Amino acid sequence: MKGYGPIDAMEYPRFSGIRTFMRLPQVQDLAGVDFAIVGAPFDTGATYRVGARFGPEGIRSASALLRPYNPSLDVLIFETLSGVDYGDFSVVPGYLPESHAKIAKQMEPLLEAGVTPIVLGGDHSITLPELRSVANKYGPVALIQFDSHGDVWDEYFGGKDTHGTPFRRAIEEGLLDLDRSSQIGLRGPLYEFLDIQQSRDFGFLVFTADEMRQVGLEVVV
Amino acid sequence: MKGYGPIDAMEYPRFSGIRTFMRLPQVQDLAGVDFAIVGAPFDTGATYRVGARFGPEGIRSASALLRPYNPSLDVLIFETLSGVDYGDFSVVPGYLPESHAKIAKQMEPLLEAGVTPIVLGGDHSITLPELRSVANKYGPVALIQFDSHGDVWDEYFGGKDTHGTPFRRAIEEGLLDLDRSSQIGLRGPLYEFLDIQQSRDFGFLVFTADEMRQVGLEVVV
Amino acid sequence: MKGYGPIDAMEYPRFSGIRTFMRLPQVQDLAGVDFAIVGAPFDTGATYRVGARFGPEGIRSASALLRPYNPSLDVLIFETLSGVDYGDFSVVPGYLPESHAKIAKQMEPLLEAGVTPIVLGGDHSITLPELRSVANKYGPVALIQFDSHGDVWDEYFGGKDTHGTPFRRAIEEGLLDLDRSSQIGLRGPLYEFLDIQQSRDFGFLVFTADEMRQVGLEVVV
Amino acid sequence: MKGYGPIDAMEYPRFSGIRTFMRLPQVQDLAGVDFAIVGAPFDTGATYRVGARFGPEGIRSASALLRPYNPSLDVLIFETLSGVDYGDFSVVPGYLPESHAKIAKQMEPLLEAGVTPIVLGGDHSITLPELRSVANKYGPVALIQFDSHGDVWDEYFGGKDTHGTPFRRAIEEGLLDLDRSSQIGLRGPLYEFLDIQQSRDFGFLVFTADEMRQVGLEVVV
Amino acid sequence: MKGYGPIDAMEYPRFSGIRTFMRLPQVQDLAGVDFAIVGAPFDTGATYRVGARFGPEGIRSASALLRPYNPSLDVLIFETLSGVDYGDFSVVPGYLPESHAKIAKQMEPLLEAGVTPIVLGGDHSITLPELRSVANKYGPVALIQFDSHGDVWDEYFGGKDTHGTPFRRAIEEGLLDLDRSSQIGLRGPLYEFLDIQQSRDFGFLVFTADEMRQVGLEVVV
Amino acid sequence: MKGYGPIDAMEYPRFSGIRTFMRLPQVQDLAGVDFAIVGAPFDTGATYRVGARFGPEGIRSASALLRPYNPSLDVLIFETLSGVDYGDFSVVPGYLPESHAKIAKQMEPLLEAGVTPIVLGGDHSITLPELRSVANKYGPVALIQFDSHGDVWDEYFGGKDTHGTPFRRAIEEGLLDLDRSSQIGLRGPLYEFLDIQQSRDFGFLVFTADEMRQVGLEVVV
């Protein structure tokens, strides 16, 4: 193993131990870390179902079943990468701007340390502060978005910040490199025709779910 | 919007409001109505699982998520059609003939008004009184039935009216235009060979699930 | 029946029909109405579990089982009262101050019409705009609060408006008649001793759950 | 053990084996049998929730946990009694009169053999054919009914046979010894005052739930 | 019907009766029996999820829906075969070697009688005592294993007998005819590369899930 | 706060963060620790329901709601005690003696450090290795057992070690101070009279559930 990796499954069966992601060590010191799992337990941006604040807990619980070897790709993850569970970002439930500011701020030490953050949501609004942090450090970001909806609305119930608007805000703030960004899997039902067209107008390479079925997965890739 | 349509989702988020179908207005006056959603909360005809009397409630609850634009067909429903939720038909739980008679009777004002009824079941026996009403007004009906079983049995446990017999009754009463009717998706396990053969003998164009896989969806269409 | 009351359960079995509260008619015209059920599907003020935005739907669904006669009190509700289901208040999910303002505003026509509103929540923060409306019309309100926590915190995660703070805000704004208000059922676990003491300091008559068990229900009443 | 009793739990752990009641042998020959468990998987008489046709299966599944010694009564059941699982009565789902006739008929061999039947329901309408069989053999029956509702309505949705009417029918047919019958636990909400009064008028000794709380369990016994 | 078969579904609706497999008679006398369903309610060999001891009960419950005619194969099972439900094997929960010995022993009368046993698990470790019984009578067995993992590990947590090791033990004991055995559907995530390679090294014809998708189901067959 | 205590709930809302017990820090260094939560995720000793290996995870998840002040006792836990989450003991699923030995061994460093262990089960068999460790260090233990069954059987299915036998083993090994031990809440159904009597014969002060109801909670205390 290269650095940090999961606890030994032959000594501690996978159903045992505190539920970190994939049973990685809980570590805040980022020296020697390649990637860090971090939760953003926030759902105030959700306009229909809420509860994604319990998403990081649920993903961590299920991840106990993950094993380190992927036979399709012939990769043993932790021979090449060192990974940790960094815990959760602090958020303020019910207060979206404050939470977004806190998430963006807490992204910084990870990026400073050269660690790749893998953020467990949380509703889709949390992508915006993540993009702000990354673009602030590296410049506009190439985005590959797998989603049923483009989430480029201008507002929702009069609110500029919900899970339906983050990518419009990201475009307005210049956070995205739209020449190299794509939205994949858009589908209905929608509110209107514009829901998909405006993604194309912004410059995204768009594959709707219908189009994906027609051209096949290889073409999309 | 042409006439009746859903409540404004930007003013009333989709999780709010009384659960009519797709949050359409609850209306009994059929003037200016193109289609009406109506529930038939009846399950006395079911010979295994019961509970479909709560089906209309369940469908209405889930329908809160529907949006009016279908991007595959490029259709904004309520620009061309006016729809309402008409409520539920009155039925008598435990009393099948009485309930069938009541359902057929209650179909009439909808048909008289030229409104297309979309009936939420309910077990499959409710199709019979619906066919009776429609055939009574328009003559024999072309039926497109998506089902795992043909439901053309003569009787079930000695009873002539269950969810396994409605289309045999419909044929006997001359309600169907069998030259233009089809049963699609029949499959096992069944009680005997005859279960599929008799549908063909009655004149239905039948595609079993096995046949659909072989010829493909385009051929079936 | 005096005025509005439930749909006839002998004609429409209780499992049928659109799910209004107790199957009362959905009515916005308040003439001749004594009480109105109204939903406040809002949960942005909740700091742990969310989902109470689906509370009004759940309560309405379960209320189909209610019958109009209470044998303990020997009361036939709708011989003396006329009641309706008024629908839900409009709210803005994720935006607490805006939602509180909208709820307070929408309370007004009910109070103007002399109708007693019975509001289905929703997280506990919605009590604040209700108290604002009532106190604005009638002056300080005598509050009987059944709760495990007093919800008189000053703030929560730095926020002044959550489900833990509405009664502190109400006191600050002079909305309560504290000489005639009571908090009943307070219990642990809590964060600190002050959680109960400050309710008494504000002037509430407090019965903790421990005290209720000791003195008995009759004394509390 | 006196005669038939459960399979040996030390040889076959209680989670194993086919789910008969309490893991008693499935026996139709009634020689040497004191009591027989029998299912009446019928729910067509239910006017709200259905599904009690799966009741006997559910009770049998849970009964695997039962053990033969009751320490409160100091009784080892199968040292004094021989019991079997007789299986289920045949019924016709959706057809109440036919099913009642079949249940009454199938009660007879049990009563002929002097076996005490313990019938697992099923909705409350099945009590009527049971009373018919027992009264037919032994004369009017003393009934001890634990129930929230008296089920002595005359009809329900115009139907004379539902789960709300069996004891009215039983009284009309002279099946009950009303001088020695009791209804215990009646409570609301109800449709009207008469719901409890008519039970008293028929001659039942009635304890409502309110009265039970006042006089205590010992007085009721 | 040739011999034993399911109870008549027209007399006893499929939701009724004690839950044997497919409502076959519970029979221990094997004369005239072609196949016997038998449960092995054992899960002590499971290293992650337990509960398969309730597997036979669950399968029997669901099997009530099975009907005797398969239209794809045009086969009426019980015209050519006589089948029974033999009940469950006795096991000792928490004691794997003892349970394996008991299962192997209880397989013998079935094999002696020329009956084909169909065993409902139970965790995968129960396959080992079954193979021991069959190989003891007929010699090495051709195995067709549909599985996501090969279960040919040497040990697991230091234990030689778990649900991950039965086929290694079977090979060591010479129970398998490896020239005619196959493992189909192996996939990740795994612990290491060896997990699949060792199945091939032992001589199994292996189709991973990836390979099945590439070559198609017909080639695998 | 005296030493280790929960993470700040005002900075990290209780739904966030990795699920340790009560959100205590995960610490293996026992210096300055008064009590340690530790999981024993083991269920091979269970003779009916299994799954308690997921018990520590479930308890930790629910414990996120605990707050540090108990108003009935007027205690702020972490002003007087320093507590940590020590993680889970290593066990070998399916191997009871090996797991018991490992649990007993892993108890030692906690006892050596003078830390009070609070062990989250797991099935009841895990109490035996805990008692072995404690008695080995401190001598015979006074046991206060809240349980529906005494768990003093000699064996179960021929096995000496299951969740029904640990206290018989403990007595045989001299681990208990029976003059100061009690079993509280014993109740039925049981297998035989002896199930309760033998607890008294061994010297336990026994209160059955029936007796507790008669004498009241104060007398038991």
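Think of it as A, B, C, D, E and F in the order they're written, each chain with its own count starting at 1.
Note that in this section a residue touches a chain if its C-beta (ideal position, glycine included) is under 8 Å from a C-beta of that chain, and two chains touch if they have at least 3 such contacts.
Everything quoted here is computed from the prediction, not taken from an experiment.
Of the chain pairs B-C, C-D or B-D, the one whose interface repeats that of E-F, sharing more than half of its contact pairs by residue number, is B-D.
Taking the mean of C-alpha positions as each chain's centre, the chain lying farthest from the centre of subunit E is C.
Once the centre of each chain is set as its mean CA position, subunit A and subunit C turn out to be 38 Å apart.
One inter-chain figure worth recording: subunit C and subunit E are separated by 57 Å, centre to centre, where each centre is the mean of the chain's CA atoms. Each of the following residues of subunit D touches two or more other chains: 11, 13, 15, 47, 53, 92-93, 157-158. Shown are all chain pairs that touch, namely A-B, A-C, A-E, A-F, B-C, B-D, B-E, C-D, C-F, D-E, D-F, E-F.
Contacts from subunit C toward subunit A in the complex involve residues 43-47, 50-51, 53, 92-96, 98, 157-159, 161-162. Subunit D makes touch with subunit F in their complex at residues 9-11, 13-15, 65-72, 74, 76. Of all the residues in subunit C, the ones that touch subunit B in their complex are 11-13, 15-20, 26, 39, 41, 53-54, 56-57, 60-61, 85, 87-93. Within the complex formed with subunit F, the subunit C residues making contact are 47-48, 156-158, 186-193, 195-196, 208, 210.
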